[in-house]
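All chains are identified by letter, namely A, B, C and D, in their written order; residue positions are counted from 1 within each chain.
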């Protein structure tokens, strides 16, 4: 299975596409073998009235080879972009404009996931690049309608989300990240 | 100035007031010198669309002697009560029923404040008791109307809230806790 | 199986045993049904040169009924005692004086575990009491020789420590706490 | 004052200098205006027997213009390098080989500092680049002897380290980061 950190291709539909800060595909390809790239990731959740996580959202995506794989909201931080803005942009990209995510007041992630091209150095791998991802749990209050290449968002109970079956379907080792997310909110058994 | 961890007197308007788990004032008074009591505290904040804290809510309160003092949302965890339920109950008690607080998904506090009867052991003191408080930053989305003994909630910018002037007015060393709250959300200069 | 938050019986070998702050067994018994008691817990670990957790220490203990059960370093915070002093005291009590624990610079726990007498309210239960425990991962650098009622400390790999088999042997739901500890240090798969 | 994220020039004395993963100065210069670069930073501290931070180490450095400025241990994460290895490498580079740092068991930073070329977007700025820095508090147990361009390490009490005077001398807004570090360990007043 071709595992990869999901990344919009071509580069994102942002104002300022001609900004020299944005990279052509070829430039990005070269840099990917020279520098660790900075990513943000989000685990979308639904919470009850006192903040307990009741459901976890996992994206279903088709790879270039037509295989189905599960993943999290994820994407690159652009030059000049704050982490919060990147997080919001990727949440909107992957969950649609009506998800109404509640970004955390604290910029400290629940986990830092290090993706290496070769597996084994960490629980996470990405055959395209060395990426370092700041991962956040993000409650969403609206309606999620995946756009772009995400086919569907599946809402699971914390128990389902932490199962071995789900972990096996998640790309790049993100089953581990999902469990760490659940542990951070006290919902991993 | 008589500094104290604010505590409803008499014991709270909860279902089960006759529950043997609740304590008479005299019993509580005795226990206060025998055991550390568990508290929760909340720093109410307003956030913008990407989660940046823009305002901080500080309570103004009159002491038994008629002096004005500033404090945070604070109160005891009862027997059998979860931390989340205690946090919600005290937020409602101090901010009213229309504050609509967004309790954190994670139960891990940004700081643990240890209040001792004698000053000096920690930044925090409470002449009545040894209290250990789990402190959270809590975004509120509604209208705050302090009830009970809190006279008013004052909304401040992060800069004002971390000033020496505000710290000097806060009871029991909570200026330190307020600054730690701001630091945890990246808003302390 | 009788699960319980381990607690030295009788009250601890501290200076000041006649201190009115300490409680008789009968007093403690009464208070246990009236107030949440404050605990600290520690997951002892061994780390490599760059801080990666390589081994996790789990205590083996015999219950009053002679059953074997696994647990973590755990104990009550006394009146007037700081959390750090309590943590150090219980580490020494359970691991011996030559363990040389490195207490965390930050007082913020990786998790707050809420033990209720009745199971179901949280992952943690303790048939004796409502206890709220601040849990820390603590690297130890010396030799661990359990004292008191702990029979043995077993060092496990992170993989073993997070297994279902170990979780099933741990008292009061502490398998969940152990997994949360591993997740917090990036060592839960 | 020319403020900048300290970075060894030329690229570091690592095994594999001819590795295509390393960048020439010119390449790095170009990338710096195209992508956020990933950094690690460390606040070296000394702790007492129960983990309380007693002293904070701040580096004194001369800028290219001969001005004196204060800073923290800081540097880039290289392609293929783990965050822990980068942290250890920069600690050794800035504090010498006998500092014996105790890297944290958890990879989660106490703060994420975002440095932008233009001031105002965040508390942190770096006129050369957009850098995102994962910041850690790191106890050191040995002798610190700054190498390279750091002239000296100054040990301060937490009170001194959080003073306005020290903050004014720190480059790129790192006085804010230092205060956040102290707050995270409960040592900011």
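In this section, a contact is a pair of C-beta atoms (placed from the backbone, for glycine too) under 8 Å apart; a residue touches a chain by one contact, two chains touch by 3 or more.
The structure displayed is predicted, hence computed values, not measured ones.
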item	value
Partner chains shared by subunit A and subunit D (touch criterion as defined above)	B, C
Interface composition of copies subunit B and subunit D: same or different, split at half	same
Distance between the centres, which are taken as Cα means, of subunit C and subunit A, whole angstrom	35
Distance between the centres, which are taken as Cα means, of subunit C and subunit B, whole angstrom	28
Where subunit D touches two or more other chains at once, by residue number	82, 107-108, 110-112, 122, 184, 186
Subunit A-facing residues of subunit D, complex	20-23, 27, 31, 33-38, 77-83, 107-112, 114, 116, 121-122, 130, 132, 134
Subunit B contact footprint on subunit D (complex, rising order)	111-112, 122-123, 176, 179-180, 183-184, 186, 188-189
Subunit A contact footprint on subunit B (complex, rising order)	45, 47, 49-53, 82, 84-85, 87-88, 102-108, 110, 137, 139, 184-186
